[in-house]
Structures are given as structure tokens and as C-alpha cells.
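Each chain carries a letter (A, B, C and D) given by its place in the written order, and its residues are counted from 1.
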Amino acid sequence: MAYDAVSVEGIKYLLPELVLVSGILTLFIITNLGDAKIRLPLTRLRIPALLGGNRFKWNSDPRLPGVISVFTFILAIAMLIQTLGGDTCNDLVEKFCAETTILTTTGNNPVDLLKLDSFSRLFELMFFLALLLVSAASINRLQADSNPSNDDLDQLLDNRRQVDFHLLLLISGLGMTIVAMSMNLFVLFVGLELASLPIYVMVAFHKESKAGTEAGVKYFITGAISSAIGLYGMSLLYLWSGSLQLSVLEATWAAMATPETLPLFGISLLLVGFGFKISAVPFHFVAPDAYSGASSPVAALLATASKTLGFIGLMRILMIITLPETGDAAVWMLAFGILSVVTMTWGNLAALGSENPKRMLAYSSVAHAGYMMAALVAVAAWKNGSFVENNSGGVMAVELIIGAIIFHLFVLISFKIGAFMVISHLETEDEVTDMSSLHGLAKREPIIATSMFVFMLALAGVPPLAGFMSKFLMVTGIVQVASADVLTNTEIDLIPTFLGMHWTFFLAISIFINSAISLYYYLRIGVLMFFEESTTRLPLPKVSILRFVILLCALATIFLGINSDWLVESAIEAASTLFTNS
Amino acid sequence: MAENKLNDGMYVIGGLFIAIAAMMFLSPISLMEDDWVTLPLIGLPILGSLLLMGFSSAVPAWRKESISETIKYASLGISLIVLTITSLMMTDILMNVHWANITFNQYMYEVEYNWIESIGAEWHVGIDGLSMPMVWLTALLVPVTIITTWNEKKPWYYHPLLVLMGGCLIGVFVALDFFMFYVFWELTLVPMFFLILNWGGKERKYAAQKFFIYTFSASILMLLGIIILYLLQDPSTANSSITGRSFDMHEMIKNAQQEVILGNIWLGAGTQKLLFVLFMVGFLVKLPVVPFHTWLPDAHVQAPTGGSMLLAGVMLKMGGYGMFRIPISMFPHAVVEFQMLLMIIGMISLFYGAWVCLGQTNLKRMVAYSSVSHMGIILLGIASLQPLGFAGAIFMMFAHGLISPMLFGVAGAFKHHYHTLEIGSMRGMAKHSPWLGGNMMFSWMASLGLPLLAGFVAEVAVLVALWFEFGWWVIIPGITLAITAAYYLWSMQRTIFEGGENTQPPESLGDEKPKDIYLTEKVGLMALAILIVIFGIFPFIFFEMMSGYSSELIESVLLDEISGRWG
Amino acid sequence: MAGDVSVEFWVATIPFVPLLTFPIILFLGQYFNGKDWWKNILKEGGAISLMSMGVVLILTSMVVAQFIGEMHHGQGKDILDWITFDVLRSDGMTNGVNLGFGIYIDHVSLMLLFVASFLCFLINWFSIGYMNTDKINDNRNHRFYAEFLIFCSGMLGMVLADNFLWLFIFWEIMGLCSYLLIGFYYEKPSAASAAKKAFLTTRVGDVFLMIGLIIMWNIYGSLEFDVIFGWNYFTNPVDMTLLKTALILMFIGAVGKSAQFPLHVWLPDAMEGPTPVSALIHAATMVNAGLYLVARMFPIFTGTADSNLIGDLADVGIIIAMIGGITAFMAAGIAFVQNDIKKVLAYSTMSQLAYIFTGLGAALWFASKGKSELALFALGASLFHLFNHAMAKGMLFMASGSVIHEMHHAHHHISHGEHEGFDAQDMTNMGGLASKLPITSTAMAAGSMSIIGIPLIGGFWSKEGIIAKVWKAAIYDGGYLLFIPAILLLISAGMTGFYMSRMWFMTFAGKPKTKVAEHVHEETPWIKFPLVILTFMTLGGIVFASLHFVNWVSTGHALHYDLVYEMKHAFLAMDKEGVIDSTFLILTWATIGLSSLIGPIIAMSLYGGNLKDGEKAIPTVSWLVKISGMVRNRWQFNNKSLAESGLAEALRRRLYFDDLYDWFCLKIIVPIGLGAALFDKKGIDGVIKGIESGSQSTSTWIRKLTTGSARDYIMMVALGSLLLVGLIWGMV
Amino acid sequence: MIDPSWVAGLGVIIFSIGLWGAFTRKNAIIVLMCIELILNAVNLNFVAGAAHYGDESGWMYAAFAIAIAAAEVAIGLAIFLSLYSKHKTISLDEVELLKN
């Protein structure tokens, strides 16, 4: 069904986004209530209002903005779930799916702008969940200095900073939802910028420390250049096809008999933009700096939501626009294959010796991008291989792979954010600059340490945790497309069987080897926590909400591994809508 | 501060309850009438130990001592319940089961629940003549280990970890679903990792990581095999699965026997070999065989007594068990093709391991290498492709599962009471610690294959089978038997005996007086010793079912391939 | 009637009586050690063990009484299905093969059963006297009795087992006990090392035995005596080369167990154990296991010969005889120069066992050639020698134990507890004990005479039989290779005469050589009884020869017939039909002359001598002392140059065999082990460590690329763009 | 009317200058200006495409791109300010605290 985006029916489908907008407004208004001068957020500008004097006691509480944003996100999730529905999938326990709804521009010749289907809805849910966890974790986290005091002025400043921070979070969330829904490359890009610009600020938010500003500058400069390059590539595509609608681009691409220079350049440059988002080698260099300079919740956001944005873009471009229906190999296949192997290996090797836990997590995040890229490559192999799927009962391999990527992006929220939250909790005590902060954590905080270990094992892909399921699904997909041809051939011996595999099979091998390498540094964290002695045996400062988030993440990590039924089906459903109704 | 910790523990317990409840709610795992495996054998130890550990973590540090006895007894209680149930199973009391007469690929106590329906993973458990001894062994070793290492440090985590380990191991042995099998396979690493890391020796950090990474890396290849096998199925096998396939081991083993489904040969020669290699790498590293063995000495030397008892007793057997359950049952062509290779690897492990033992100065290291050597015998039994060889290999798994815990228990007691593991650092243990010396001698004698002790039957069976298949190759195991005797006796002479009128305690003891083993250690070790004797004199208690299983396996899987070779 | 008696279930309980008793002693001893009632009433477990052995002896007597003379062929009875399994052969699957435990009884096992239980009982009796009065044994005698009982059950089980596998199992158990008992004084490094040596040497033999058994099993499809002995070689032909190999491998096992060349090195060292142990294990019972095994092979030889496979297995007989001959000679030679009383006996044991082996070799050779009558007599002679030797040697060891014990006591008495520098076993410290130890000296004299083969006394009959049969095989039946053992045996007979006499005279005749020897008294209780009993057994050995113990298949001879035959044979070399063979007449008398006259007389002239004035030996031995004194006075000569020659030195060093083996272990085996360990650490584990350190350094290097400069990052983004463009364009 | 391909060609040149400048200049502000140059190249492309295809959306894209560029500049300058207040420099070469 297609609706006008600004009509009543159309707006109805955008309820979650509206909730975010109203959240932004609420945040703005409530924190200024009672003040004679209304402060513009993120600035020191104050506009004199007609009424009032000083702010009230209750709305100068530094925790208030955080609470507001948390409730906004919870409400947004509720709205999101409420908008799900239809005849086939009204049971959320069974499957997370939505009817496909297309929102168009106003006018006589409407253009499809946004598509609401299970793909976009699932991604929205992911964004909201990530943002919810991050905002919950930063309710009373981002003080101006590490020693909170009851001084009113300090509180006021804190409150101001908190307003700014959560406002940025909400705005970023708005951008993310647009990315998830867009049917037009430019809209996608606008959403991406809307999501990224606040993140640049958030990375630099730690402005009291040298590292924070440095990270912000580096991340901003590199990010801006990457997205500019990406945008230039997009403009080349526009020059070539005359439209940035995904459907038009797809059709034009399919109609292209011989590869032309312009679209190839365009696609390549566009990939740079998204490559930066997912921090693929060689666009990843700033990632460890940014992660280590930014505060941990922001780094968590970079590692999950921001990466997810990049993957949405990649899926749109690679899976919809440039994937040939049959026959030829996708143009990006070899390039991406090489990049994926380099990325995962680089990430893991670099993480291996990293002494800063945040940098280590950053490198591990790079490696995980490599795994998912490898999965994307396999999709191309499926399309170009001669293997005809005997699809009598199961889903297509390609859906399995995309579903696996979606699954992985989803579960990353639980264990990647969880890991950063543990670091965040450590930061409440002192700066986390090297591994010694983790020393002896198990003796100080057994629960936190155990959770951290669970996150690490999940990142390494140890069963039965969530990280294992995602890797398992990915590899299954890759192996399926790479090996089915040769394995059903009963005539040949071992060596031909092995050599007869499509080369993407070695991507699976590469994932396995890399998992083994990665285990080294993930386990090292566990060893540091459970083995090394710390200087103190006192527990960490008590920050209940952080603990709650960490425990929630840990339980989710375990639960999504042991009982991933719902999520697997939803992810695959989402993957299939990516292909079917474009 | 103390208050704070208590709250955290409550979180955990509450969270666990919620998690369990959620699992119950979302996947219908419930204790049904005939399900004696899921909850009693796996659920009870795993959940119980997690609860115990959660409870311990909730107790503030200064009060932990006061709960340690409670935790110990609770752990022991759980493990004894498991032992009781498995013993009842073994003795056919629970259900009237004739373990020796089960046909191939038929399982007792079999139950199936949906687990992760979307990919076709099921909670599918069952026991047959192959897994019953292993399950019983596991169930037995956990309480024995708990008793033997009753006085270990930090018992509030240590003993529940042992119980947890036991639960995971039983999970491996009863799993009839590849997914479940793999999950439990890897899950066993975690408690062992912690056991080594927290209670181990000086180099425990290195050893724990090496152990985990090494075996994990190897089993990743096994995972690849599982995935390929999964994908090779007809995609209309499982309706509820989105891929249309399932992980059902039972079904796949059956299909592998039929060879032809949907008009195609299901597993071609090349595919079989590829899968065989992938699975075998995982199992051989776990077993372990030369040259993939170097994780074992490090892990064993560093692991605490209880850890190495379970590690050597059951964890190594996972490799052997896996070989029988998957590659041999499913890829007959590859088995026959690779027979010679297996034999050579087995020979190398056996022979080389024994020589390395001879050159060791560390007692635990020597015992660890003797495990490598003995695991070679398992491989030889498999390579023989004889019912007797198979049965011998399985019995070797079982017997070594009794003997090696005793070896490590004794070595651990030695370390504990004498603060050293150097062979030859002392003389005359028989005088200072007659019980320790006696147990040490007994276990070493059992390990070198003395008749009427458990290991002998297995060795003889394997050697006979080996002769049938390979003839004069049997000389090498023969020589190894002599070398084995040599290194044990040499060590015995330099540790237990000698010393003259005034025997020399080791220097590491300082001014302490040498002590004998505690009552708990005595009880644990004697229990093992008695079992070793019982199964040495009456091997048929288990040998019958092993032999039945082996004959069934050969007849229904391998016979065609083997006779094909004869022409 | 013959053959009517069937083996009953209760026979199987014989080995289990001691097996069930030993834990009782062990645990009671561990907990009540030092308690008065335990020490005095229960004799630290000795009483319990003696009762157990008494029960065994009674049961054995019942079995013997039931079967003796009633039975022609061996009979088996399955008791227990031990392990059951299927076998896959190239002709298909065989179902339900069983390796079970059962009882097998025939004349051989009956005889050994009797020997074992009888001697075990007596030695147990002796031990109560010997062990419990020795200070060094305080608080550990329960261990002795426990191990003793396991040993007994091993021996009894081995004799009764109805298949080779269980024979092997019990065989190994005896090996374990021998290890434990030799190492009884574990704190003595020499004892610990001797125990290890014994176990390892026999283990080497056992490995061969095991392989041999496996091959046997492959040939016959079973290890049961019933199956193997009743094999029909016509219908089920077997690979004779393989069978021969198997038999030789099994024989190597027997060589290890019975301490024959070249695996003999352990036996002399094994004398580190307490004397009853030496008596029990290393003279009377365990060393007979190897002989028993070889005797068990006999029906295979007759079976093949019956199936017209004549001579196919004759080589095995020759090899056995050859090993026997070499050992007999070598051991006798080494025994010449030993001063330790127990070492002399040890080498004598080796030598006498070698006699039996040679006899068995001849028997097997005959059997293989199809000469069953001769084979039976050779076998009979060998087994009879086994019997005689067991009785005599058991007694000799006990007597030597008595000597040592009393010497020890005397020394203790004189030196008030100082032990340094005095060797109670050294014969150069003794002399003239005949008057101090009347019963011991009598027993020792009887035993020595039996071993030497003084006419009409125990061992004489059997030894003559063996020598005659070996010569017969060599001369008349084409076994020319058997000349070597035949000649060696003949020479050894003379040598035996020398070294046994030397031992007796050094110990009992002449003047006391030390002060200690003057103060010896025969006072310890419990140790006289076995000596007396065994003296009679030894002297009257011929009586037992007629009890059908020795005949494989009874030919229906009455008691006196065998007796007369033996006598005729010994003195007149008359065969069954009464024909006197002049060659053998010469041979027989030559043997008698060598062993009974020349050997002892030389010994007397060197070591004999009258007692100290005023001392009087009891009449049973006083004549011997007197003769020796006469001889010595008549023919005294100096053997100094001979004693200091290189040959004597070589003999003292045991012909360098121990040195060779030590060198082999220390310079070959141990370095290989150390090398393997080093290779494992540096080579195999080095690769793993190399991977680890390699990836660590790669990590350091790769992280250096993240320079920290934003401009570098921008440049990398630009380069990456170019790379992507290049790759994508390049692929098209 | 100018052929749109000339416009696009100019865009290529500007893009190249921008990219070149971005990784050769040390001053953060100048780098930011180079980024603006790239975005201008983008705008030129959009405008050229819109003119070529007669597609109104191209104009709109260009307008949005300008807005985005403006927002980026605003944020960039703010971040540079805080950089300057902490490091007393805006030379990209002098901030190398975080590395490896």
C-alpha cells in the first residue's frame, strides 16, 4: 500500500518517528520551564522569555534529560510494535514483521520515499534498542567532572550537558530511522547525515579531555571526507541514471549491457562512504581513535548503530542495485571479497596486541565488519554460481545470509554495547586507558566480570551465546552457496572436491581462522579479570542503571543464543522483504 | 559494600530464574514422563551449579567461608543424584533395557523437543551402548573428583564448577542433534577454562588460554563439517525449519546408511572424505594425538587436581566418542580409505608419547604424555576396523577414564603434600606417606596395563584386533608396552622407593614433616582403585554393551565397504 | 574309571581363597599395626595367611586325590564368559567369540598345583618364623603376607587356567608380586633397582609372549586349551611358519619369566628380597611358570605330528634346548665364583631350570618328529625334574634363609645392633656351621645332593632322564644340533657337583671363618618344620614320580613299573624293552661320575675341612664333613692363580651382561627419551609458540600503521577509494 | 546553454582539488574547506544531472546538499574550537595522542 507521507494515513505509519520528534521537543521545553531565558540546546544562546525566573528544582536535575530520552525511546518502541500488523503476522512472538507500506511525496506524480516493511521495522527496532541502552546508560553518566557534587551550579551545568547529549541521541535516532526506511539514495544519505552529524558531536562531547576533542576532530574530518566522497559517487550515479530512486537505479543497472565507467565510479565511491561507516579496511583507521577518545556509551553507539547504518546502505546498494539476477558476477564481488578478508584479519591481528580495551573492542568491531562483508560477497556468489537451489522447503541461501547479517547486527547490540557498558562502568572510577583497569575485576565485581566474559565469548562466537548463532548462520549461508555444486557431485575424490569449491568457500575458512585468532584476545580479557590481581578490592562505584543495563545485555546475549528462534525468523523475514518488494 | 554484593547475587539468581522460566515458556522443554535425561542428567547439574555459584557470589567475601561446607555438600548431592540415576539406567532398572542388544542407531531414553525450530535444531537426547559407559563414567567421576579435592581453595566456586562441567559433558554424550552436540562440546571448555585459570599452577594463565584456543580452533573445523552435513540434507527434511533442514543426528546417520536419497547417492566419496577430515581434526585434537597434543601437557600440568581428573578422565574421551558417533557411523567409505592413516597416527602417538614420557622430569607432565600414548591405542582400535578393536577402543576410553583420574589425583595429592612435582626430587615416599605411595603405585601399575586391572582388557583387545588387520605392526605397541613399564617403574623407583635408612623428603618441603593424604583423598582414590579392579576383573559389565555396539556398527555401516575392498 | 571324573566348579575357588584373604590382611594390618594381638596372635597376618594357604592345600589335595590316576586327557570347564565379541574375517563375520575364564586339569597342572600349594604352605610357615623375628620387618609384615597371598593366587590361577589368555593374566600378576616382594625393602636402593630390573626384564619377555598369544589366537581363533589341543590339522590347516613364530615368541616370554639366557639378569639381583620370597618365587614356583608354558605347548607338537606334519615344528624344540644348554652352562660357571649364599642358589636355579628347558626342548623335538613315546619320557623327565628341583630348591633357600637369619642374630648379639660392614649372606663369613645348625645343615645337604644328582636321591632320576633323552635325540634321531646342548648339559652336571658342594662346604664344613659364625645357634621357631618335611620330600622324590604326575598320557603303568624303569634307566641305560645300550651306559655313568664324584671332590679339596675341635655335627652330616676333611688333607691345592684370572673376573662380573644392559638403558634408551622430550618441547610446541609470537609481532607492526595523524587517515581513505575503484573497474 | 558534461567535468576537477587538498593540508579549517569543495563538486553534478534529464529532484538534491554542507561546517567549526581550546592548535599533525 502506498500513502502520501504527509497525509493522515501516512503519518499514522510514522508514529515512532513522531514520538522521537515530540521527545526532542519535550526535552527542549521541559528543561527550560520556569526559566526566564530559554536556552537553545547545544549553544550558550539564551533567548529571553516573557515569563518566569529561575528553573525549578525538579527540572534542573541532571538525570531528567536522560529519563526523558529513555521514556521517549521506550514509547517509540511501543509505537513501533503497535504499527506492526496485518493478517499473516500479528503474533510478535512468532515473528517480527510488518505489512509493506510505501510512503510517497505529495503531488500528482508521487515518488516513493520511504518503505515500511519488516526490514525497515526490524532495523528501527535495533536502532531504538541501541539508543535506549545507550541513553539509559548515560542517565547519570556524563558529568562535567568525574566527581559529582550537589552544588547547584554544577548540577545545572550537568543538566545542560545532559540535555544536549540526549537531544543529540534523539536526533541521531531520527536520522537512523530514515536510513532504515528510505527508498531513495538521497533520502538515505540525508538520513545518514542526520544520524552522523550528532554522532560526530557526541564523539567530541568529552571536551574536557584532550583525547575526547582529538577523537572528535579526527572522526569528524575523516567521516566528513568519506561521506563527501560517497555523496560524490552518488551524484555520479545521478548523472548516469537521472534518478536516485532505488528501483530506477536497479532497473537501469540491469539494463546496462556492458559495464560503464560512470556508474562503476559512482558505486565505488559510494562504497567508500559506507565503508567508513562500517569501518572496513582501509577506512577503519580512525575507528580505534574515535572509540578510545569518545565516552564508552558513544563508542558503543559507533560500534552498533552507526555500523548498522553502513550495512543498511551496503545492502541497499549491493543487494538491490548492483546484484545481477543471474549469470555474471557482481562487479564488486572480488573487491569486496579481498576487502573482507583483509578487514577481518587486520582487525583481529591488531586487536591481538592492543593494550587499551576500548581500542581492542574497536579493532574487534573492524573484524566483525569483515565477517559481515564476507557474507555479502557470498550472496553475489549465489547469484553468479551455477548452483540451482532446490528450494522445495527452505529459504534461499541468499536470504539466509542477509538474515544472518541482520541477526548479527541485532545481537551485537546486546554484547557489544554490554562490553562497552562494562568499560563505561570502569570509567566511573577512573580513566580506562589500558588493560590494567580490568585487572582483578572478578574479585571486585563478580557479576560484572562474568557478564564481561559472556560478552567476550559471544564476540568470539562461542556457543551457545548469541554471537555464535550469527556466525553460524553466516557461515552456513556462505558454505551453502560455495559448496553445494561440488558436494552433490558424487563422482569425485577429496582433492577435486576441495578445489571445486567456489572461492567464497575460503571466506568461510577465513572466518573460522579469524575466529580462532580472535579468541586469543577475547580470552585475554577473561584472564585479566579472573586472574590478575588488582590494587584494590573495593567494588566499583554503585551506578545501578549501568549494572542493570549490563545484566540485561548479558541475559540477552545468553538468551538470544539459546533461544534465537524468534530473532532468526524475523531476520530472515526481513531479509526476504529486502529482496521481494523493492 | 557487602550489602552491594548481596544485591548483585540476588540479581543473578533472579535473572536465572527469569531466564529459566522464559526458556520454559518459549521452548517447551518440560520434564515429561519418560525423560530421564534432560532435567535429571543435564538440567540439574548445570542449573544447580549455576544457582550455587550465583548464591556464592551473593555472599559477601567475609562470610564465604561459612557457606563453603553447604556448597560442597550441595555439589556433592547433585552429583550423587546424577550418579544414582545413571547407575539405575546402566543396571536396566529404570527401564528394561538390554544395552548389549540395541541395534545400531537406536537409542534408549530418547526424547526430542523443539529447540531452535527456525534452523531445525532440536533438543534430542538418547543413550546407546556407546554413550552409556561414557555417561556413567562422567556421572561417577564428578562426585569422586569432588571428594578427592574436597579441600580445594574457594570451594564455593570450585565444586559447583565441577558439577557444571559434569553436566556439560553428559550433554555431549547424550546429544543426538548436531547443533546440541556442538553447543555442549564447546560449553565444556568454559568451566575447564575457569578451573585451570583460577585453581591452576604457576603457568595457569598461559595453559588455560592455550587449552581453550587450541581445542576451540580445532572444533571450528568440526563445525564446518556439521554445516556441510546440514546443508547436504534434502531441504524438505524439516518443515518447521526455515532452511528446510534439521540437525537430527539420528536421522542423518540413518540416511548415511541408506546412501541413496532422492535418487542421488547422498554422500559421495569426495564429500565423505572431506567431512571425515573435518570431523576428525576436531576429534583428534581433542583426543589428542601427536602432533596436535601440545595443549594437553600444559593444561594438565597447570590444571588443579580436580580439573585434570575430569580433563583426562572424560574430556579426552569426547574425542574418541565423537569419532565413533559421527565419522565412523556416517562415512564408511572415508573410514576405510583413511584406515592406514589413522593407524599410522595412532602408532606415532602411542610410540612417541611413550618415549616422551621417558624423558619427563615433571610427574604430571609424564602422566599427561602417558595419556597421549594411551589415546593412541584408541586410534589403533578404531583403525583396526574390527568389532574387537572398536570395543577395545571404547573400553580403553572407559578404562582410561578410571585410571587417568586416579593418576592425576595422586599427582595432585603429591603436589599438595610435598609441594613439588619433580620426579626424583625425593625418595622413599612409601615410608613417609604409605597411602599416597600405595595409591600412586597402584595407579601407575593400572596405567601400564597390568592384567585384572581395567586397562589390560582394552589393550589386549586392541592388540588382537590390530594383528588381524595389520599383522606385524603389532610389534610397535608391544615395544611401547615395555617402554611404558620402563618409565613408570623408573619413576616409581625414584619417588616411592629408595632413600636408605633416612629417607629424603624433597627440598621443597622445607622443615615441614611429610604428611600422608587426607581422608577425603583416600576415599576418592580408593573408590577409583576399587572400580579399576572391578572393571578389570569383570570387564563384561560394560564390555558386553560395547562389543554389541561395535558389532552392530561394523555390520550395519562398515561391512559393505570393507568387503568391497576384499573384492 | 579313567576319564570319568569331571572338573567341578569348586576347583575354581582355589586361586580365589588367597585372593579374597589378602585385602583382609592388608587393611587389618594397616589399621592395627603394632597392636599386641595383631603381632603375637595373628603373627602380623601370618596366621591368617597360613590358614588361607592351609585351606588351599586341603582343596588341592582333594583335587589331586580326585584326579590322580583317573584321568587320561586334560579336561576343561568354563566358569565365566569374560569378554564376548565378534570377529570380522575376510570370509565374513564370526559371531560370539568368547574369551572366558575356566579351569583346565591334566597331569601337568595337577603336579604344578600340588607343588605350588604345598610349597606355598610350607614357605608361609617358614615366613612366620623368618619374617616376624627380624627387626627390620617391624610394621610391614602384613604387606609381606598380603603380597605373598596375591602371588599364591596368581600361581594357582595360572596353573588352573584353561586358556592362554588367563594363563598370561595370572602370569603377569605373579610378575607384579615378584616386583613388590623383591622391592620389599624398598628403602634399599639396590632392592628398588632389582625390583625394577626384574619387572622390566620379564616385561620384555611378556611383550613377546603377548604377541605370540595374539598370533596363536589368530591361528586357532581361540586361546582355549581344549580348542588348541584338539585342533584337527587335516580339516583346518594352519600356517606352520606362523605357528612356529608364535611358539618361539611365547618361548621368549618363558625365557624372561624363567630367567634364561639372555633375559636372565634379573634373577640374581632378585635375591634382594626377603629369603622366603627368594624361596617362593625365584626357586620354587614363579620361575616354573615359563616351564609350565613350554610344557603346555607339548600337545601342539604332538597334534601336528599326528597330522603328518612331522618335523615342521622341530626347530622350536632345538631352539628351546639350545637356550637351555647355554644357560645351564653359563649359570653354572657364574655360580663358581659367587660368595653370596643366595646368589649361588640363584645361579643354580637358573642352571637347573635350563636343564628342564633342555629336556622340554628334546621332548618337543621328539613330539614334533612323531616319536611320541620318547617325547613322553623326555617330558616326564623334565617335569619330574621340575618337581624335584622345586622341592629341593625351595628347601635350600629356606635353609639358606635359616643360615642367614641365625648369622644375623648372632651378629646382632655380638655387635649389639651395629650393622655396618657385615654381610650375613657372605659365605666367606661362615664355615663350620654344621655343628651349630644341625637341621639346617642336614636339609641343605639333602637339597644339594638332590640338585647335584647323587644317585638314588630326588633329582638324580630326573636329571639322568633329561641328559639321556637329549643325547638320544642328538645321537639316534638326527637332531645333530642337539649335540651342543647335550654336551653342555653333561659338562654342567659336573659343574653342578662342584658349585653345590662348594656352597655346602664353605658354609658348614671347616673352621668358623669369623667370630660371628662361632656364635650361631639354631633357635628361631617355625623354621625347622618345613625343612624337615622337605628333606623327606627331596630324598624320596622317586616315590612321587610314580604318582602319574609326570606322564602326559598315562600308558597304564603301575606304580612300580615306572619306578623300576627309572632306576633301570638311570643305572643301566636300559630302555623299555630291557635292551641295554652301551653308549648310554657309558653316558649314564659318566654323568654320575662327573656330578657325584669329580665335582664334589674338587670342591672338598678347595673348601672342605674338619670342624673346629670339640664341635660335633649330627650324624646325618658328620660323615660329609669328615670326608671333606679327609679329601682336603689329601689333595689340598692352591687355586689362587685361577681365581684371579680374567675368566674368574668375567664370571664375577656375570659375563658383563648386566653391564651391557645398563649401558643399553643409560646410553640408548634414556637419551632417546630425553631427546624426544626436548623435540616435543622445542619442535612441536615450538611451532605453536612460534605462531603465537609471530601473530603478536604482526599485531605490533600492524598497529603501527594507525599513526594517529588524521592526515594519514584521510590519505588512507583516498587511497582506499582509488583501490576500490581500481578493483571494481579491474574486475570488469 | 552549457552542455551539462562540462559542468560535470568541472565537478571532477573540483573534486580532485578537494580530495588532494584534504590530505595534503595540515590546517583543519583548510581541510574543512576542501571538504566543502568536494560537496560543491557534488552540487555541480546534481545540477548538471538535473539540467540534463530535466528532473526537478536534482535541484532539490543540490539544495539539500548545501544544507548538509552548512550543517557540517557548523559542527566542524564547533569541534575545531573545542580542539583549539584544549590543544591550542588546529593543525592536524599536532594531535596524535591516540594512536596504535
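Here is the rule we go by: a residue touches a chain if its C-beta (ideal position, glycine included) is under 8 Å from a C-beta of that chain, and two chains touch if they have at least 3 such contacts.
Since we're looking at a predicted model, the values are computed, not measured.
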Chain ID, smallest distance between chain and overall C-alpha centroids: B
C-D or A-C - the one linked by more C-beta pairs in contact: A-C
Chain at maximum distance from subunit A, centres defined as averaged CA atoms: C
Geometric centre distance via CA averages, subunit D-subunit B, whole Å: 63
Distance between chain centroids, defined by C-alpha means - subunit A, subunit C (Å): 80
Geometric centre distance via CA averages, subunit D-subunit C, whole Å: 99
For subunit A paired with subunit B, centre-to-centre distance based on mean C-alpha positions, whole Å: 41
Residues of subunit A touching at least two other chains: 217-218, 221, 225, 229, 288-289, 354, 520
In subunit C, residues with contacts to at least two other chains: 703, 706, 708, 710, 714, 718
Which chain pairs touch, all of them: A-B, A-C, A-D, B-C, C-D
Footprint of subunit A on subunit B - complex, ascending: 1, 4-5, 8-9, 11-12, 15, 18-19, 22-23, 26-27, 57, 61, 115-119, 182-183, 186-187, 189-190, 193-194, 197-198, 204-205, 208-209, 212-213, 216-217, 220-221, 223-224, 227-228, 230-232, 234-239, 241-245, 264-265, 267-271, 273-274, 277
Residues of subunit D that touch subunit A when the two form their complex: 4, 8, 11, 15, 18-19, 22, 28, 31-32, 35, 38-39, 41-43, 45-46, 48-49, 52-53, 55, 57-58, 61, 64-65, 68, 71-72, 75-76, 78-80, 82-83, 85-87, 92, 95, 97-100
In the complex with subunit B, residue positions of subunit C that touch it: 30, 81-90, 92-93, 95, 97, 165, 168-170, 172-173, 176, 179, 183, 186-189, 191-193, 195-196, 199-200, 203-204, 206-208, 210-211, 214-215, 217-218, 669-670, 672-678, 680, 684-685, 688
Parts of subunit B lying in touch with subunit C, wherever the complex brings them together: 210, 214, 290-291, 293-294, 352, 355-360, 369, 385-388, 391, 427-428, 430-431, 434, 445, 450-452, 456-457, 460-461, 463-464, 467-468, 474-475, 478-479, 481-483, 485-487, 489-490, 492-493, 496-501, 503, 539-540, 543-544, 547, 550-551, 554-555, 559, 562-563, 566
Residue ranges of subunit C touching subunit D (in the complex, touch as defined): 703-704, 706-711, 714-715, 718
